[in-house]
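Mind having a look at this structure? Questions to follow.
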Amino acid sequence: MNITRKRIAQILESSTPKDKVGWFFDLFLVTLIMINVIAIVLASVASIEAKYAKEFHWLEIFSVIVFSIEYAARLWSCVDVGKINWRSPIKGRLRYLLSPAAVIDLIAILPFYLSFLVAIDLRFLRVIRLLRIFKLTRYSAAMQVLLDVLAEEGRIVFAAFFLLFILLMLASSGIYLIEHDIQPEAFGSIPAAMWWAMATLTTVGYGDIVPVTGWGKFFGGCISVIGMGMVALPAGILASGFSDQLHRRREQYSAKLNEIMEDGVVSGKEKSELDSLRESLDLDPADADRLFKAYQREINKMNTVCPYCSEVDKE
Amino acid sequence: MNITRKRIAQILESSTPKDKVGWFFDLFLVTLIMINVIAIVLASVASIEAKYAKEFHWLEIFSVIVFSIEYAARLWSCVDVGKINWRSPIKGRLRYLLSPAAVIDLIAILPFYLSFLVAIDLRFLRVIRLLRIFKLTRYSAAMQVLLDVLAEEGRIVFAAFFLLFILLMLASSGIYLIEHDIQPEAFGSIPAAMWWAMATLTTVGYGDIVPVTGWGKFFGGCISVIGMGMVALPAGILASGFSDQLHRRREQYSAKLNEIMEDGVVSGKEKSELDSLRESLDLDPADADRLFKAYQREINKMNTVCPYCSEVDKE
Amino acid sequence: MNITRKRIAQILESSTPKDKVGWFFDLFLVTLIMINVIAIVLASVASIEAKYAKEFHWLEIFSVIVFSIEYAARLWSCVDVGKINWRSPIKGRLRYLLSPAAVIDLIAILPFYLSFLVAIDLRFLRVIRLLRIFKLTRYSAAMQVLLDVLAEEGRIVFAAFFLLFILLMLASSGIYLIEHDIQPEAFGSIPAAMWWAMATLTTVGYGDIVPVTGWGKFFGGCISVIGMGMVALPAGILASGFSDQLHRRREQYSAKLNEIMEDGVVSGKEKSELDSLRESLDLDPADADRLFKAYQREINKMNTVCPYCSEVDKE
Amino acid sequence: MNITRKRIAQILESSTPKDKVGWFFDLFLVTLIMINVIAIVLASVASIEAKYAKEFHWLEIFSVIVFSIEYAARLWSCVDVGKINWRSPIKGRLRYLLSPAAVIDLIAILPFYLSFLVAIDLRFLRVIRLLRIFKLTRYSAAMQVLLDVLAEEGRIVFAAFFLLFILLMLASSGIYLIEHDIQPEAFGSIPAAMWWAMATLTTVGYGDIVPVTGWGKFFGGCISVIGMGMVALPAGILASGFSDQLHRRREQYSAKLNEIMEDGVVSGKEKSELDSLRESLDLDPADADRLFKAYQREINKMNTVCPYCSEVDKE
């Protein structure tokens, strides 16, 4: 029993092409999710829905069955994932239930079962299935890096959005004061004016509503300049966070490299250790190679230059 | 008397969750400010204002009373804030009066009192209250970091805006020359043409006014390409400034860590010192942890590798 | 024969102004490609095409002949390019055939020959010739740097685009749910709603379609804020990648400098080696000069400060 | 004579507030240029021009006289600027004539004199005066930093614009193929389609012309995504360039600091040397202070930690 559970855990979590079964299972799930997304999008077109209603229905039934089995299997085998042994399997499973990945998996199937219990608007029910797309995030290492950066820089990105909120308030109340009487429909209240203020601050600029008075245009120009600066803030923050993240990963890889190379040789086991670290850090193979060469250059320098007399010892 | 003043200063300035009274006071003020902002925005909608005029009035009275008391308390107790003892309490208070935070607090209540003395347009009076939103900046450490970066890179950001000003002049006078006769309403004068030039340079692009001649479109295309580059300039400047700011804060934390770890042990007092430094630098706990580990790695390396023979001393 | 082939390989690949023939040949090709691009663009204007049909035809014939000869010459002489000796000339040529540069060269001439065999829509045939513009990428070192960065950061840029795809799905299905009934033409299906979602997420904001209901505008505002953040992601990624690329190139140049300067003198041969490295790394001459000065400063410091007593040895 | 020339050179070039005459002269010129710019912009408004034609005329006469005298004085005294002694004053002046600053100064006055010789369109003549705004660049150190970065990263920014050119060609020819027959006015030829392609690639998105077919919208969506990436490229390049520029300036300042502090004391002369270096590098005083403190920390560390036994020598 426990061995089966362990094997299932391996299949579900495996992301190396070595485990053929795990790899094909991943491929199958990714394909199924993509087909689901495309089907839901197409089903929203009335003419297509009318023609293929049956096919869409059966696809839905099939998908929910697969995703339900996957969910149950993950819940059952989650206690065998990772190195930590859960003190109690039930506590471990409850904790897993609340992890983001498990919540996403639940959202993918819950609407289907709920529709039997509660009367939900059919169109809403269909569209909510699109959230299945989030199941794909599990399969992209680079995506994990992006989400990590977002989480890490969360506080400061939040501050940038708070600044945007303040600017939005000032922009919409300003244009409300200036053009309230001339364009009562567009700028009749501050909430109404927010539509224009948002489009301007984010430099989207739909142009369905624009100030018409001289002062309104002057104010609008100032707001678009500030907006241009605003667009920069999250960019700057995320850029610096991302660059830092990458440097840290490289440092981590270099530290491991240092440790492994201390005895001068790289054994087969050490090589595969390095490779799996590289993969988990989502480093480019070329990047890793570069770090290795830099390390070697450093070592050569150490060996050939005497630290006392500074003379070079030609090999 | 002095002890009461000191306690009030603590309550007003405290930002640690340990001081319960200070913490609840902060929460109360933040909530009140948010309610104020929402109320002012909603009051600008005619139908809501008509229905809840009374409630808005009493909220305003209550808020002004609270903010006035807060202002008075801050002014009275400001001499007990910080480490420096003001030579004269009156000079200290006058200096406090001119600090940005005190000016923001004053703006939050002044319009109310002024309205008794001077006849101010009612709508303007209401909207000016929205400036109370700036009182929130006091409560966000990350916001302080953002404002620091803006202040630090001020000169170069100013240069970027000056460059924008030059480009605005060239763009609006250029399009004025080209399309003056064909679209006399949109491009009849340089100030009029600025509206289009601004929307194009900031890539907002409302589209309410666009060049129609071939040369005008060619010129417009060039301006939008330059605009694309312009959007980049403040972004680049703030990004590099922000990244620098973060590195500097990390260095500062590392320096403190170095100092504290010199004797090899971290006492309880040193731990809380480190924590409060981390908080005032707005560093992520994970970030601080990472710096600590990097420090340890460095130390271990020093101890295990002999600086003379370069041989590794395995522990 | 082999000498002729070698000379042709040199002419075709040479990018230094020293090889006059190679340089003029490059100039001739770049000019011809630019003339082709301009001609194709102008030929799409009906009045110009009517007037100069003959000239455009002869230009096409001439260009195809030149490009065909160039293609054949490159294919023939490719075995003499680079340091590696191909084990078999035929295998080498087959491999060259599949290189990006060779494929671009083939695309430049293939449509002409295909049009004799297959009936292709004439307008399509003409426009496809525009792909000849890609032949220009061969002649720009800076362009190579840009493409290198794009290739290197490929995985993470792909993740950013995948995130955009997810957001696009959510944005278009959200607006479809909200405004389906009010604007059946614009938001009648998810694919239709994607047009608005795309314009908003990328901050292009055409404004031909905008939400009209309160909830739709609120949702639209949120999407434009998220879009503002999205625009930042590839920017941040490429910026950090580019900056890294540049630093690595500088390091590479410094390493070479170090190696060359070990004996204290720079011979003529070493100088030209450095120069060609600098060129292949696309480093600015001013940049290289700065690195050289930094190196000298480092050396001087080493020589004047005793590593034991830390006393400065004034020269 | 030579002393007068030297004094004039000082007044014209001085940018320190110590030289009162030079400082007031700078202020006077900056004010005059700003008044000129405002006057030219206002004069383009027909009603203002009609009312104040006389005032604008006299301002023009006065400005040209002042700028002409300035130009002559700069040309005369330029041989006393800088440390290098020109071998021949005439050669030196000729070289100065071709410097960017001198060309800008010439453009500011030339149109006025030319208008007596050649018949120039009056409106064009007036607008060309706006180029006087470039005279302001002389007075902003931060602006110089910006222009330096632009010049330094010129090659790679050029590559980014070349990439934009290629994308523009592909986008406009693609939409031309797709929507040629449906919207013959907007996409009737490739040059016409460029207007839409430009607005989309730069994310300006006027919305005066949009694709209407399904394929056109799909293609438009792809182009706007690519545009979003394009906007990133110059941003990334300039950001990394700017950040590098700043680091280099800081290094330069640190190197000077190192040199000055070698003997352990900072004399008054050394202090003013440092200050003028800081100003010419456009470093923030706070920034310079930080570098000084970092230097001191470094020194203290060196003195208190024995490099052999690694024990800390408590002071």
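To keep things simple, chains are lettered A, B, C and D as they appear, and every chain counts its residues starting from 1.
FYI, a residue touches a chain if its C-beta (ideal position, glycine included) is under 8 Å from a C-beta of that chain, and two chains touch if they have at least 3 such contacts.
What you see is a predicted model, and the numbers here were worked out from it, not measured in a lab.
Novice: By the contact definition above, name the pair with the higher C-beta contact count: A-D or A-B.
Specialist: A-B
Novice: Please state the rotation angle, between 0 and 180 degrees and to the nearest 5, that superposes the Cα atoms of chain A on chain C.
Specialist: In degrees, rounded to 5: 90.
Novice: For the two copies chain D and chain B, is the contact made of the same residues on each side, with over half of the numbers shared, or of different residues?
Specialist: Chain B vs chain D: different; shared/all numbers falls short of half.
Novice: Going by C-alpha centroids, which chain is farthest from chain D? Tell me that one.
Specialist: A
Novice: Centroid from C-alpha atoms only, then distance chain A to chain B, rounded to Å. What do you get?
Specialist: About 28 Å separates the centre of chain A from that of chain B.
Novice: Counting in whole Å, what is the centre-to-centre distance of chain A and chain D, each centre being its mean C-alpha position?
Specialist: Between these chains, centre-to-centre, one finds 39 Å.
Novice: For chain C, what residues touch not just one other chain but two or more?
Specialist: Expected reply: 191, 199, 203-207, 231, 235-236, 239-240, 243.
Novice: So in the complex, the part of chain A that touches chain D is made up of which residues?
Specialist: Contacts found on chain A: 203-207, 235, 239.
Novice: List the residues on chain D that touch chain B in their complex, please.
Specialist: Counting only chain D, the residues touching chain B are 37, 40-42, 44-46, 123-124, 127, 130, 133-134, 136-137, 140-143, 145-146, 157, 161, 164, 191, 194-195, 198-199, 202-208, 230-231, 234-235, 238-243, 246, 282, 284, 286-287, 290, 294, 297, 308, 310, 312.
Novice: Under the stated contact criterion, what part of chain D meets chain C in this complex?
Specialist: Where chain D meets chain C, its residues are 152, 155-156, 158-160, 162-163, 166, 169-170, 173-174, 176-177, 180, 188-192, 199-200, 203-207, 210, 214, 217, 220-221, 224-225, 227-229, 231-233, 235-237, 239-240, 243-244, 248, 255, 262, 302.
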